[in-house]
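In this document, chain identifiers A, B, C and D correspond to the written order of the chains, with residue numbering beginning at 1 in each.
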Amino acid sequence: MSETKGLTRQQMADRVAREFQDGWIVNLGVGIPTMCSNTDIGDRDITYHSENGVIGYGPVAAEGQEDLNLVNAGGQNVTLKPGAAVVHHADSFGVIRGGHIDATVMGAYQVSMTGDFANWKLAGQKGGGIGGAMDLAACAKRVFIILEHVTRKNEPRLVQACDLPITAKGVVTLVMTNYGLFEPTGTGFRLREIAPGLTVEDVRAVTGGTLTVADGLKTIAV
Amino acid sequence: MTQRSKVVANFAAAVADVPDGATIAFGGFAMPGTPFNLIKALMEQGAKRLTLVANTTGGAQQPRMPDIGMLVENGQVAKVICAFTAATRPTDVLPFTKYYESGEVDAELVPQGTLAERMRAAGAGVPAFYTPTAVGTELAKGRETRVINGREYLLEYALPLDYAFIRARTADVLGNLRFHRSQRNFNPVMATAARCTIAEIDDPIQPAGSIDPDDVHTAGIYVHRLVQVPPSPEGIWPAKREARAR
Amino acid sequence: MSETKGLTRQQMADRVAREFQDGWIVNLGVGIPTMCSNTDIGDRDITYHSENGVIGYGPVAAEGQEDLNLVNAGGQNVTLKPGAAVVHHADSFGVIRGGHIDATVMGAYQVSMTGDFANWKLAGQKGGGIGGAMDLAACAKRVFIILEHVTRKNEPRLVQACDLPITAKGVVTLVMTNYGLFEPTGTGFRLREIAPGLTVEDVRAVTGGTLTVADGLKTIAV
Amino acid sequence: MTQRSKVVANFAAAVADVPDGATIAFGGFAMPGTPFNLIKALMEQGAKRLTLVANTTGGAQQPRMPDIGMLVENGQVAKVICAFTAATRPTDVLPFTKYYESGEVDAELVPQGTLAERMRAAGAGVPAFYTPTAVGTELAKGRETRVINGREYLLEYALPLDYAFIRARTADVLGNLRFHRSQRNFNPVMATAARCTIAEIDDPIQPAGSIDPDDVHTAGIYVHRLVQVPPSPEGIWPAKREARAR
């Protein structure tokens, strides 16, 4: 098993959160993505939506202050921001399918250079865990993926083509790993920003497909 | 005019008529809104060859609450229609997974939004609809799609239910319901799709008309039986702790 | 114009209301059908539904007691019964299309012996007035029609086949006219009950298609 | 974090950007929930070749309130999509009817439930669905049908909107809305289907969070502009008379 290089989980979440623009409606998936709501992005007003129909939730509730009947998509007891609203599941996915989500942030096993990604089923598995991922992937205006850059066997998760069953085709707009921030271009991955302490060659060595580098490559501020 | 109460004395009475082979949906997303007491009663009632509909099969949390996985372990289930036959995190193993992998129980894996919409459609008299969800994936293989305004969509059919087992915070005796926060989730949708909806209720059930008509989440016409959840430990997970964190 | 024979409008509504069974959810159309809610049918508990999403309305509000934001399908300011609920239009037609309406009562221009009826468009008219009639006709468990037995030109409204554009095909279960209570049988109309003061021959003379008479024909109690 | 207010100073400002050729839906069923003030402002604004969506074209009652028929008379309308191009009672003549019959304005006649569901579908990302309504009628002529479980259904397409003009009783500055009684009708459905929803509000608009999240009828994410209805006579039909007839 490889040593984890580059960014921490919270640093990955922080960098993605800084992509959110004022007024956006954002859905955060289970795991690292939920950590985006901890990030201070200043004055920007973001409405967080969760699959179970909560529109406008805030940070995780303090111990002893939980409302046990109020959870986010990950089952954590969250709080509500002023102006929150609750709807039922069909209406909640109406928000999603109707194209009202500005960005969804999800974990994944693999992302391809054409913007496909896989996050519901492992190789050889019968069934899987889809949850709301396929709805979100097909319908959100922007799909941001956060994942560790390599597998435990040090194999790339950014690949030419997914060999795992995909969640949606050609939808990923941004990929955040512990190595850097990438965009699938159709013919490769463009490295927009790199994690501190890593070189482009470090990244290229463990990236599938073609890697291109943005003009004036920035180092991610942590 | 008489207005009859839909309140049933206890959970056993509420589920007594569930026949073998019935299709039953269970509300709930994580803990909130899950009809734990009705699930427990159904285990005791013993109906077999059931088709169960729910977001997950349960068993992800400890301590374990009555869940669909327990009905499976109890030998009552032929098939599950759900959005997870396995956990999202591959290292978590759901109790249900081994029954599915061994072929003892069948499963139909449905994206969560499609699952909700299929029940909404059944309740609303829409026999089929198109959705962009799952197009181009393994789930769409061999299935009918259609291009509308240049985009490809998958045809999905309504999912009607025999029973919906749900949980709400507040009810009047006519079955008008209110849910607290994310307790709402699938519950109102399932209620519309079922021939018989049975609701377990947290708070003391109120006289007809106690809920302002503008504030009803699920209209009483969709609810057929109500059971008051008794105080713990007899009643499971009243979950009344609430922050005033606004 | 022919003199109106047989039952009054309220008497027609009363007779139809007596068909409603305890626990039914009933939708009443504009005109004579709304008068059904004035009828005393004793202990039976009926939930009246209206297209605009009111579930459980009661009598028309007393003068000066109206809530101007509360109307039935005919635009009358009604009251609410204890346990009423309000939903939006899509959910309200979900109640209808979903098969949750036990009976709908509507007016019509014509009814055929196969249970078709016409109530939205006159001969030669461009467009028409459909409202919720097609949804109700296609989806309610029982469709009851109330109409004057003959046109102003003394022509039958109970006809072998509708010549006006139909609202729905083969759905009518009961037809109430000022002459009597009928059922379309597919091959004719069966007279179940007759208005006081009229003979079967009076009815037959102004009824299209084949008229059959129920065993032990009753006279409608008014 | 900032939370910006969606309140606009007046009706003229709220409708100023409506371009020629826009598709605009108007809430309301009979009087309740009709955005009379926004209709009046649109007449003054003057946008042309509009497609209007509503239950009726108005003009059935006296005294006449601002309605779609007036926009037609004002020469602003190319087409109306509605459930009535004529009154139900043939002796009532709607002002709109003569424009339609003469061919000056086009109309698409849609059953009321299909109209609501087509907008619900647009808001919920469902591009098309099947309905039993209108099967076997003149409206289904030449159109695609499908037999599902032995019954014939008609294919209907989503109806997306550029604007929804609606009316609600209560709002907070973020656009969370509550409707009073049958004021609700088409309004929440249209709000979900529109790129821009403008709501006129009866009661003083409240700070963010004044409405309990469980009691919101239309979530603020669906509402883009709010205008406070001023007191009569400047504001049209505040309609505040309410019986306590429960």
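What we mean here is this: a contact is a pair of C-beta atoms (placed from the backbone, for glycine too) under 8 Å apart; a residue touches a chain by one contact, two chains touch by 3 or more.
The shown structure was predicted, so the numbers you read here are calculated from the model rather than taken from an experiment.
Using the contact threshold fixed earlier, the set of chains in contact with both chain C and chain D is B. Set against the C-alpha centre of chain B, every other chain centre is closer than that of C.
Comparing the chain pairs B-C and A-B, the larger number of C-beta pairs in contact belongs to A-B.
With centres set at the average Cα position, the gap from chain A to chain C is 56 Å. Note: centroid distance chain B to chain C, computed from Cα atoms, is 37 Å.
Chain centres here are Cα averages; for chain A and chain B they lie 28 Å apart. Averaging Cα coordinates per chain places chain B and chain D 33 Å apart. Each of the following residues of chain A touches two or more other chains: 54, 80, 82, 86-87, 90, 93, 96-97, 139. Annotation for chain B: residues touching 2 or more other chains are 117, 120, 124-126, 131-132, 179-181, 184, 209, 213-214, 217, 246. Judged by the touch criterion defined above, the protein chains form a pattern that is neither an open path, a ring nor a star, and not fully connected either. A list of each chain pair in contact follows: A-B, A-D, B-C, B-D, C-D.
Of all residues in chain A, those touching chain D in their complex are 22-23, 25, 43-47, 49, 54-56, 80-87, 90-91, 93-100, 139.
On the side of chain D, the complex with chain A involves touching residues 1-4, 120, 122-126, 172, 174, 176, 192, 207-209, 211, 213-214, 216, 219-222. Across the complex, chain B meets chain A through its residues 29-33, 55, 61, 83-90, 97, 100-101, 107, 109-114, 116-117, 119-120, 131-139, 169, 179-189, 217, 239-243, 245-246. Contact residues of chain D toward chain B in the complex are 117, 121, 124-132, 146, 148-149, 151, 153, 157, 178-181, 184, 209, 213-215, 217, 246.
Against chain B, the residues of chain A that register as touching in their complex are 30-31, 50-54, 61-62, 65-71, 75, 79-80, 82, 86-90, 92-93, 96-97, 107, 119-122, 125-135, 138-139, 165-169.
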